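Chain nomenclature is as follows: A, B, C, D, E and F, assigned in order of appearance, with residue numbering initiated at 1 for each chain independently.
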């Protein structure tokens, strides 16, 4: 792995193999970037949160580290890309790109960290939301994506690294959160603390965004969507709302307005 | 214990032995009530939170279940009451009362539950903040106060109980939180979830309110105040602010405005 | 509390104020007894498990420690008793009794322990299923019922106690489990271990048994039933079945037939 | 319960019903007091620790809150007392007393707290070791004993309480630890921290002290002793010694001599 | 690492360097495969479970990722292989192979994942049992083996991967469990749930299988075998049997026959 | 990564690029080695412990895996090295070296493990203290350093490895501890147990050693030093001393002298 080679040999370029799927962000930075290992991870884990953010006027983007292909019923990356574009539009996201790393064999490495950090430096999000659960029964890519995202947030803010980020200014990401894929009770890791986003008004949109992946959720897998809905209701019950998505952070949730925290006004939603 | 007697015998009256220490609430209900076993519990555990709430215009009250006496350096209840009044004024609280149950031998019982629930029915708080840690090395009253406060919040909302609450209408307390006395790392109980209140602007006022208890914190116990300050800094570091107080709830902290949660505006403080 | 008086004074009798609601057990002992603080606790917490046990031919009984009254919409104990009888019949239980202790002020005491232990000595269950969660936001009776049930299981097996259990032979309850009321993610206590019962085939019957309590679940509280169903789906997803109920024990689940544990045959269900 | 009555009525005397079983302490205070609910609790939970302390010259005492009777094979309190005396002598303890509270119905109450605190004030221990696990499948007395011991340590240091402790000076117990009865993996409670005592050289003596209770451990219960031994080996393996006993405290174990902590010299043992 | 190279270059073949040690499985698929990093891992962690499965007629296999050599007293891989064959026969296993990856420097990588997944595709187990504890004081290979086994279970079921698994059909492994090496109290990871296998009848056979590794357990290491036995007794006590092995899964143990779960019949054992 | 290549190709040499910064150890082995990813890690995490050890006469060394550069205000490795030398001298350490692996892209690999294990084989410490927390918001190097240190302790004791450690005899490190960087409440990992070192007398020296890194802690970052001090006070309060550092181990803290553990004599400090 030449980039981690301490020998001092020149670093080979990291080839920009990323595919831009949606880009309506113009010249403006993004407010929030959600990172998934495969297209549909962010929809399942935090689609309601992204829809709510967008509905409130935030500029939201999605980065998929791999194209998620091949899968049993998909004709390949092009079809999956089209589904990802449709899902992003349902959620109201203004940017989506896919970084081109290999599905099924994603490893935390210098190359992937740098590629993702380049996106952060370009798009300058205030919040990054990455994968949070290890999924021992599903893809090992998820646990690797957790490590990659944490490292890329760190790489984004490191100065004096022009040989790697030539021209891209540093960017400090102020807030890093994680979302959970497990369609049941997520186990917040030791040292992390939970926060629920009230997505009652966005649950339908979330489900609709998942349905965009027709290749992944054919009719015989409708029970998965039912489970996503049941999980949202149960997470909501844990937090006192009708439907919720669980996020976590290694920072404890903080407020300087306790009554506003406990009895939030309902801000206007633009759509 | 006659009140828990299932035999159907008439219930003896619960004598109103409470002492009103501060009452500037006029006819208005309170927004928040903090409950302590002894005067100075709420100051140590959530004094900054109460000061911040009051500074933002909330109507805040304090209930002490006992008078906390005798103690080594205090001349007795009258002195402790004067200290409690002074501390309440420092924090900006508009109400404080002491329920008259016996210090050092407080037990969760029907009588105490009812007496506290009567306060909730009269004062109609939206938030109750009670004790949260067992303190195996300090007073057993603290663990009993946790049980009493939970039960009183429940009793407050039960209908068809005129023989106990004659005339007092039911009141649903929408939110129950706990605070922690341990001057070190509080152990949030299993099934509870943490929330930090940013009290950076109120830390001095909190310390000042504790200093009002001159009988409890004479000069040779100044290290206790230093520990309170260090704990506030450490809790703040866990949550990304300069000084914090840890609260907990069996509801996960919830937001419908994620960017507002992570990057709160600084609301105006009236004092 | 005279029964816990160590002075040696004669013990007053524990009056049998229990109300037998269902008794079709004939002379046979029960296989399983579920214990609740209020009628509807066992239906919400483990109704599917009881229905499944009964459907497989087990003799199942229910003990309610209180009558659960008054409540806002019920006309009183008689109506609640009728609902409890109906629910027991829906679940296929052959025995239900209500012990007559006071709702809203149930405390772990010698009297209640003995009264429940008497039921265990008479009915000789192989399994007792009691309440497992503290419910800080709901009735304090639940936490007391946990303590009472544990103690009663112990009292049931103690010899040389004729002054208390005159005539009733000792009975060792081989297995004690707990169920959870929280309509969200139950927090299994430290030192306890979870076990899920696959109730996919009994979920409708469970919901039907809860609906028997028309006074407790009027149409405007239909969302509670929806949450019970969502929780069952989420618990099922944690365990690999379509719908589950979470039980816990301080014994780790044990098997001497690992393949049978992981790939259970579907035993015949008689109804 | 008159002692907790806040009404101001005169307190009835707490009758000294305690039985002194061993007293060779002369006029000297004790270094360590271990507290059990029933005779044999301390032997099973921390007998090796007590034997080691005594062998090193510490003055060790035992307090049993009840006489532990009746039990199936014992002829009664007198026989159990004789067994307790023999066990104390095996362990090298210089004091043992039994406080006379009722077995099987021990409750945390003012009376028991005071009775135990009186022992602490008289015997002035530097360390108290109490019960630490709830034992939901065994006697509820154990959990009550935990609460009683914590409260008594607190009561021991409270000044201005002559109406309760007439003549007995206050005594601050500097260290409170807990031991565990569970013959398997003890679950250290949240907020407590473990410490293992290397009892490799005292394991035989511990087993011998348990065998003194011939009425409790007849030949057909020999497997219990085998389990105690296996648990000691497993606890030892967790801590790097051949046999250990697990203690816990709400203070984290502390050292000012890290190499001495990790590589302790073997101090001389006097027997 | 060419296999994880996203560049699209052709993948080099994964050379079949595995050594088949035992193969009596004929044409039949295996029921259970246990995976270890080194020969003797599975014997220590789940030898009793494997013996019990085999005794009940299940077809059990073992895969060792490395040959475990060199070690102080072994003459090398040939000797260790002979020991592994003998141990497999003691346990009644019909298949054992060693995959030839380098002991002491095993890393989770695409090559190892694929090599193990090939075994799963060929042998088609219903259950895979892999390593579960990190062993910070022992070989880092163990933690890597956990990751490798999880990934290989996933790789086994992925379709459209002929360039890697040419000719080998996909195979879904329905159940993945973990075993623990720590000869003391295993720490089940967050998000996993324990299940104990009652191995009372197989404990001798388990110890015998470990003894087959004479190069690893010479007489002066007899205390390790004693600890394995003590740990089995303690784990058994946690679960209500005389000797147990602890397994874990990220699925909660599930039953559709609660009485059968709690009071299992003793199925016939064929040897 | 050629070293982990199982193909049997000859291993390339691991080039000794380490820089010796301090070496006053003469021919004597070290008692303690603390390992950091970057110069200043060990000062922040366990500087007080190292100072105390040295003051008591222990021979203490430090190994930095990388040079920690570049950073915003440092002129580069030479300046950082000078700071590291000064800090080591403040703490009284007799050895410090920097292994030359690349900052910001440290990965657990065979090469780094071997390079660190070579130091252990040469310096023969009785205690190694490594990094213990993952720091998801800071450098990913920290988590890698944890894995590297555990593996190097294991590699240090493996025999028959002359092709890697030619000439260097094996060395068993008897004790491995971890320290924590988080300036707030460290989360001891599952399966690890805490131990606090009383550093009250060394806190000033610890702060002074951190101040040696003027390039890292310029005046505008003075709040970091204040947080280190507050954390020490809070950790001390958890353990009953005025200032503490938290260490952890997968071995439970063990004592064979309980009174000495709880009431340690104050050993003489030589400076």
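Following the convention adopted for this analysis, a residue touches a chain if its C-beta (ideal position, glycine included) is under 8 Å from a C-beta of that chain, and two chains touch if they have at least 3 such contacts.
As the structure is a prediction and not an experimental result, all values here were calculated from the model.
> I'd like to know which pair from A-C, B-C or C-E copies the A-F interface, where a copy means over half of the contact pairs are the same by residue number.
It is B-C that repeats the A-F interface.
> Report the inter-centroid distance (CA atoms only) between subunit A and subunit E in whole Å.
Measuring from centre to centre gives 35 Å for this pair.
> I'd like the Å distance between the centres of subunit B and subunit E, where a centre is the mean of that chain's Cα atoms.
Here subunit B and subunit E have centroids separated by 54 Å.
> Please report how many Å separate the Cα centroid of subunit D from that of subunit F, as a whole number.
Comparing mean C-alpha positions, subunit F is 40 Å from subunit D.
> So which stretches of subunit D touch two or more other chains?
1, 109, 190, 235, 238, 251
> Taking all chains into account, which pairs touch?
A-B, A-C, A-E, A-F, B-C, B-D, B-F, C-D, C-E, D-E, D-F, E-F
> Which residues of subunit F touch subunit E once you look at their complex with the stated criterion?
The contact residues of subunit F facing subunit E are 1, 3-6, 108-110, 113, 147, 150-151, 153-155, 158-161, 176, 190-191, 250-251.
> Can you check the complex and tell me which residues of subunit F touch subunit A?
1, 17, 70-72, 100-102, 104-105, 107, 109, 133-134, 136-140, 143, 187, 189-190
> So in the complex, which bits of subunit D are touching subunit F?
Those in contact with subunit F are residues 31-32, 49, 52-53, 56, 58, 126-127, 174-175, 193-198, 235, 238-241, 244, 246-247, 251-264, 266-267.
> In their complex, what parts of subunit A are in touch with subunit C?
Going through subunit A, the ones touching subunit C are 183-185, 223, 226-227, 229-231, 233-235, 237-238, 242.
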